[in-house]
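Working notes, structure below.
Each chain carries a letter (A, B and C) given by its place in the written order, and its residues are counted from 1.
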Amino acid sequence: MTTAKIGIVTVSDRASAGVYDDVSGKAIIETLNEYLTSPWEPVYEVIPDEQAVIESTLIKMTDEQQCSLVVTTGGTGPAKRDVTPEATEAVCDRMMPGFGELMRAESLKFVATAILSRQTAGLRGDSLIINLPGKPKSIRECLDAVFPAVPYCIDLMEGPYLECNEEVIKPFRPKK
Amino acid sequence: MTTAKIGIVTVSDRASAGVYDDVSGKAIIETLNEYLTSPWEPVYEVIPDEQAVIESTLIKMTDEQQCSLVVTTGGTGPAKRDVTPEATEAVCDRMMPGFGELMRAESLKFVATAILSRQTAGLRGDSLIINLPGKPKSIRECLDAVFPAVPYCIDLMEGPYLECNEEVIKPFRPKK
Amino acid sequence: MTTAKIGIVTVSDRASAGVYDDVSGKAIIETLNEYLTSPWEPVYEVIPDEQAVIESTLIKMTDEQQCSLVVTTGGTGPAKRDVTPEATEAVCDRMMPGFGELMRAESLKFVATAILSRQTAGLRGDSLIINLPGKPKSIRECLDAVFPAVPYCIDLMEGPYLECNEEVIKPFRPKK
């Protein structure tokens, strides 16, 4: 069974400067460990809110390190330094608007400010890139909402077959 | 009463190569026959998943053949050859994000993988172009969701007045 | 307490030519007066559906007149002269897709033609620009839906602190 490589990119000026610990990236790794029963390997980086750095990190993780999936956390709000969606769109060949729509709809059940989240997702070559919010609680809500569609998406791009702990998350694969 | 011209474009490498029959395009024609009581004429093509071919077909159907509405089926997923939304955006002057949003929200009631659908819609000159999914069951679900808004959209673009069988589909036209 | 400047732009060929009175822009000002208890000052213009004029008005209100928030009304449908979303996107650095999504979802509760609304929102420098629909009834529905997120958005852009009459509208600010 092929080991899936999954990129986790924390985008945060303060975490990358060591001002505080990266709780968000670690929360994503923990969640993926709970979800996945098939072998996977994280490729993890903490970088500042610089569009050029985000773009080059996403390119390296997809093209060189062959991550089938890359998830980012942080940099999706309206503050001046928030440019993760712009970097994502710049490196993707094709966009996946349904991920952002569903994550915002999901977060709206909890907070009215969910509409300030500019999260998107897209495809670069054989890789799926998904922006997640910055806060651990919202990360989990959003991942729980969109992850059921991720294994089949990666199948369609001929990537590794992801298997999940169905007591935690139920991936959906249509019957042929 | 003016006869409306409606383009139906099946985008599929295999159907266009004759590997299998085009069930999807025919399902759309059948559905429109059920919906519409005013006169209409289909302009129907089956083409491969080539962005340039999709674009030239959409341009021909809108500019030359004067279709007020063009619906596509197929090519909206994340697989490498799926480029129908990109071709649609390339030929449209103005986009209509509400169609894709509603179709995905509607399909999400049935399958978690609805968010993988990259469907969009847009306007080219006096024509409305709508991407539908590839599977006949999803096509009907999506058309039932968005079609009530189509006749008024075409009114606003000064196209032919579409009348529907209101036992099948209820078009909405705001009172002046 | 800093006085917030809020731009209100009515985009309408007929209202700007004096063919009829601008009910929509006035309805927005009235609604904001009901919402806000902190000091604010409207910057109000009625202009035709010309993309270049809309763009220059938005640039003037944000860059020169320092409006923290600019709301437009009109020009978001599929009719040929409707180009407000295109003008908005052209002047914004970063887009806010959640506003359009929520406004359409909200309007869909009332009318099937809500999906014809091409409304968007985005950021230009320190300013938030939001497209609203043209009809007073829809304006209020849409503002009631999205405004709870606006004060926090402006906080994040380091603009003036907006206070609301919480019996009319409840702004949401996450606890730190």
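Just so we're on the same page, a contact is a pair of C-beta atoms (placed from the backbone, for glycine too) under 8 Å apart; a residue touches a chain by one contact, two chains touch by 3 or more.
Fair warning: this is a prediction, and the values are worked out from it, not measured in the lab.
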Interface numbering overlap (same over half, different under half) for subunit B and subunit C: different
Relative orientation of copies subunit A and subunit C, as a Cα rotation angle in degrees, nearest 5: 120
Averaged-CA centre spacing for the pair subunit C and subunit B, given as whole angstrom: 31
Sequence positions of subunit B contacting 2 or more other chains: 97, 101, 105
Contacting residues of subunit C [partner subunit A, same complex]: 94-99, 101-102, 105, 123, 126, 128, 146, 148-149, 152-153, 156-157, 170-174
In the complex, subunit C residues that touch subunit B: 77-80, 82-83, 85-86, 97, 100-101, 104-105, 108, 111-118, 120
